[in-house]
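Multiple structures are listed underneath, in structure tokens.
Next come two complexes built around subunit A: one with subunit B, the other with subunit C.
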Partner chain A sequence: MPITILSPSAAIPPQHAPPDDEDIPMADDDDSAFLSTAQPSSKNIVTPGETITSDPQWMRGHGTYIPPNTSTIISTVAGTLHKTNKLLSVQPLRARYQPEIGDLVIGRIVSVQTKKWSVDIAAPTLASLPLSSINLPGGILRRRTAVDELNIRTFFSEGDLLVAEVQQLHNDGNAALHTRSLKYGKLRNGVFTALAGAGGGIMSRRGGVVRSKRQTFTLQTAAGEIGVVLGVNGYIFVSKHVAPAEARDVSITRLEEGVSETLYSSQNDEVEPGLRREIARVSTLVRGLVACGAKVDEDMIVRVYEAAVEMEEEERVMGEKVFGVGEGAKGVVRSVLDRLAVG
Partner chain B sequence: MPLDTSTYSLALLRLDGRRWNELRRLHAQISVQAAASGSSYLEMGNTKILCTVSGPSEARRGAGGGGAGSSEGNLEVDVSFAGFSGVERRKRRQDKRTTDLSHTLTSSLTPLLHLHLYPHSTITLTLSILSQDGSLLAACINSATLALIDAGVPMTDYLTAVTCASSPSTSDEEAGDPLLDVNSAEEQELPFLTLGTVGREGRVGVCVMESRVRGEGVEGMVAVGIEGCARVREIVDGVVRGYGKRFA
Partner chain C sequence: MAPSQHVQVNLSPAELSYLRSSLAQSPPIRLDHTKGPKDFRSMRAEYDVLPGANGSARIALDDGLEALVGVKAEVEKSQRSPRVDEQEHRLTVAAGDMDMQDADDDDTKAKGQNAWVEMSVEIPGFRDEDALPVFLASMLTESLLASGGLKDRLYINRRFHWKLYIDILLLSPALSYPLALLSMTTHLALLTSRLPALKSEKDEDPLFDDDWDASVPLYPKSKGKTKGTQAMDRPPVIVLAMAVDQNIIFDPCKEELAVADAVLAVACTDSTSSPSGAQVIAIRTIDPPSHLTPLGVPNAMNSATGGVVPASTADAITQRELLASSDVWTPPRGGMKRALVGQIVKAVVEKGGVAEEVIQALQSIDVG
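Moving on, here comes the complex of A and B:
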């Protein structure tokens, strides 16, 4: 068999993006620094090891460091640069949740100790929930007693989900939680969803849960009311909405009467199949929103939910698939978002 | 059977047709697994590695390295080879080579990461080697760097690595040419070292050599290695920036 020699084809040029070595241009005059306060200063991102500025007038914030014996500020994470007055910080594209005081978080009990619980809130360390920062059942604000300590597992035991607020932060970043409000407490009758890397109100990343005024809201559906809790730490809980026991003469002294034994019950109520379907729909849509890189907040969820229901209704009337719905949650949300953009 | 690498001195082309200072195709992606805190996929030629980072999260009780009590975070590295990764199917799960590899990764990455920001926490790095064709340690270092950046763990600078071999010398007086980025055929035949540098200015962070080489050759190998690391850093940086553009 004769050997044929093929002429060589041209090599494919390397596909790598050319590195832009320029540093981020810094505005030195104060006016422009004020204008761009807490705004991403540039479309470009900075990467670890990149010199941000060597001007000593700036202070370093999160995501930066100053090597010893220099005044150069260098980035330590890949993300967008933020200027707040004279403070330079780099907001990473994606990171673990870092607790801040006042955050509404959803957590899961990991272990029970003598006077406190350890709670997983997706932060670098476990948070603690002291027995003294929960509402004890039965009547007015009462002191916790030794009996409560012995019965600690009747309030929360391992694996329970709860919604709480970050009360304080210790020096080493450990968070202490509290549930001293009727809004907080044990979660049941619903579905838990974790959105990895999307918590912490990371603004430079477009998607994910952001800190907002209303983190807990109810959604009207055909099958009934659904309660949605958006934890800032990227944990989401969608459940059947149980109306609080009728608000009769709520006074400060009688507030605690609402705290009945059912608050710490681990028994789910009866959830009707229709409602279960809607709960599943909402939690899937939330996952899809994150996969599409969209912001997750009350307004967005309500709009996407309503559009998704409408779309399903139209499809049923037509008796066939009218919309090019892709695979999975991401595909559904993408077609819903397209529809919202058009309509 | 020893491979014949002596043709290099005649054509100045290596077995796979590269010149002495050519890297193999380097392809990388980050954020490949949505469920992990950070992840990366890296190909250096036919060496393919999937790396995932989980954490920083609460240190496990009784885990080694004093994670729970220390004021600094703790880095754990877990390397696993896929059964189909090599030419022959491997049976043993853990051997000395795997332990060495994970130890080198831990000790080279720990000084770069700002672990003092995460007291009582552990960062777990899991590397799955899907296919091996030389430069294994270098590829592991590069993919670990990418995955840690994706996880948003603060670090001083990129740590990038390449391998560099010394070609068989033609005469007795002088050492052979340095060859950049060896594949497994060259790795079996030639003495080589793995070199990792930190940042643009090329501070050496890792240098591993497991074979004998003529003393005169080492300087050239290190010099070529540093150049190669700088090139890898540019490529890896381009991957991170390309990913960042999606959020701009």
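Moving on, here comes the complex of A and C:
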């Protein structure tokens, strides 16, 4: 069945319960203070410029604004209204990723300048990666020379994908990245997926990548190990896991020498068809998870992946359909989530 | 060759090479694991969305591409000609290759003009005169007018005709090549378009039945066994197919298009007259964006990976040609093999082929 056409439906609500730390109703809630007719709850959607309340007893939080010489609180974003005691905040429906120091992000080089790269990390502005913040091949103690500046494109050129850490935030919101660790660097041997509008921060409550202890992990599959990098900015890279070079008796200052051979390679290793299939499956499942409004973290991916493989095996043996038909990734993930909820 | 969209795909050479070798596997591994080579992206469709239009449809793909089509018909005065025989002469000139011999027998045969159908395609981020919208509009118009059945049905009498305005709107940015989606949406809109029933006779000023229930569909439902020749009339549909190595992949997404060897747009309509599945109306090749992708640098030529940078450009070209490694991305060169074109066309038009499936799927929305 090559084509499936479905009738339009309303968007499905997020499937996980809201965290407990919000929406604690106050005993003396005065709902009549709100101009909107509906009960102020997490279901309440406001639009930019909409007056939320003119009662001076409320305090403004994120996503709100009080014009000078008034006490009216006005929403600045389109989103759901939240109350925490006397604090009013609006959680945007869609937001771009706001970089924070220490975030592990995946970026794509947009332009190459004289001593730095501009990197797209799904933030409102492009991040910069200075030449001085990368590991140069040939050891950590090597000095950056004029030759390196001339050869800047041999490290990263336009379109290249890299995993980096946010090192610094400038006043204007621009982020500066660094790749001065063996975990970071150029990405290859796999597929890239961008989860639109599902960056970290406040958005992570609504599905998408959540900040967690481990953003990089390996997944055991029948065909081999898969490396998954979950960028906090909603960019995800699923690739063949390449075991780090054997920890020989290298001193800490010579750590880079072992990997420098392939650190800036733009050539893929041999990836077996079976492993390619599993990589495609994982990235499809991740996209399906976001379409279902679920959050994406290591635990979730591992559980959903294992259940999906199990269900496919069942389908093959029993010869009956277990997946939602014709809805692609979303249908598969929804049936997997249903199974997990039951089991 | 048709122009590709000017929005460049910004993928790294490593990604391009990985994608291409995945798609070249047998069976191909697509980006969406749940889809086979002939599977379309799942979509949601509805029709009669615009109350003021004679027919309208909206189709949204799961990846965010969304199109809206409105069909509006207006009565227009045909250009007057003083005498009947002269008019026939003029029509022959205007209609070009049309066969005028049976004009006297059938009132509405071959009296339509191409100018009676006006199509406009609007894509966010593109100006009206940009290559992409202009090409899309001409490709869609061309296939629509090819059968001649539609424009003949726009004929009211010698003095008046319907003028059909088809407005095609892409609601989302052009994420992938939107031709197939626009064509399917137009198909659905035309299929569900209705014109008011005519009450006046012959060459009177046209007077219409104001009861919308009495209106007649623009594409009359085929009764099946009435007349073999008349039954064939449904709007055409355009199917996008791409070739990677020996594999043929239908309905490619943006990333998959970026590694295509060649892309083919096949316009077809279903034919009940012939025993085979569908009829090809037009074929166009589309310049794949893969031709403009950057070259991958092999490790042996990269100073950052321990290689030696070639001394001259000529040297670099020689080394690259000698390098028979498929792990390094090299943009595809040349066109499409004849045998591959044949395979694609066969997969589209054969009995139970892709075209038939698409037309039937769109038809079943209308029925259900």
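In this section, the second predicted complex is superposed on the first by the 249 of 343 C-alpha atoms of A that agree within 3 Å, B and C clash if a C-alpha of one lies under 4 Å from a C-alpha of the other, contacts with A are read in each partner's own complex, and residues count from 1 in each chain.
In this text, a contact is a pair of C-beta atoms (placed from the backbone, for glycine too) under 8 Å apart; a residue touches a chain by one contact, two chains touch by 3 or more.
Given the structure is predicted, the values throughout are model-derived calculations rather than measurements.
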Which partner chains sit in contact with A:Val229 here, subunit B, subunit C, both or neither? Use first/second/both/neither. neither
Who does A:Glu270 touch here: subunit B (first), subunit C (second), both, or neither? second
Determine, under the contact definition given at the top, whether A:Leu126 touches first (subunit B), second (subunit C), both, or neither. first
Check whether subunit B or subunit C contacts more residues of subunit A in the superposed model. C
Considering only touches as defined above, state whether A:Asn44 meets subunit B (first), subunit C (second), both or neither. first
Tell me which partner A:Leu93 touches in the superposition: subunit B (first), subunit C (second), both or neither. first
Considering only the touch criterion stated at the top, classify A:Ala78 as touching first (subunit B), second (subunit C), both, or neither. first
According to the stated criteria, A:Ala291 is in contact with first (subunit B), second (subunit C), both, or neither; which is it? both
Shared subunit A contacts, counted only where both subunit B and subunit C touch the same residue: 110, 196, 291
Name, in rising order, each residue of subunit A that touches subunit C in their complex. 1-9, 108, 110, 137, 151, 154-155, 157-161, 186-192, 196, 260-271, 273, 276-277, 280-281, 283-285, 287, 291, 323, 326-332
Complex contact set, residues of subunit C against subunit A: 10-15, 17-19, 21-22, 25, 29-36, 38-46, 58-60, 62, 64, 250, 294, 296-299, 302-306, 309, 325, 327-329, 354, 357-358, 361-362, 364-365
Residues of subunit A touching subunit B in their complex? 14-20, 40, 43-45, 47-49, 63, 65, 74, 76-80, 92-96, 110, 120, 124-126, 172-174, 196-197, 204-206, 291, 293
Partner subunit A, residues of subunit B touching it in the complex: 25-27, 31, 34-38, 55-58, 71, 73, 114, 117-121, 149-158, 198-200, 234-235, 237-248
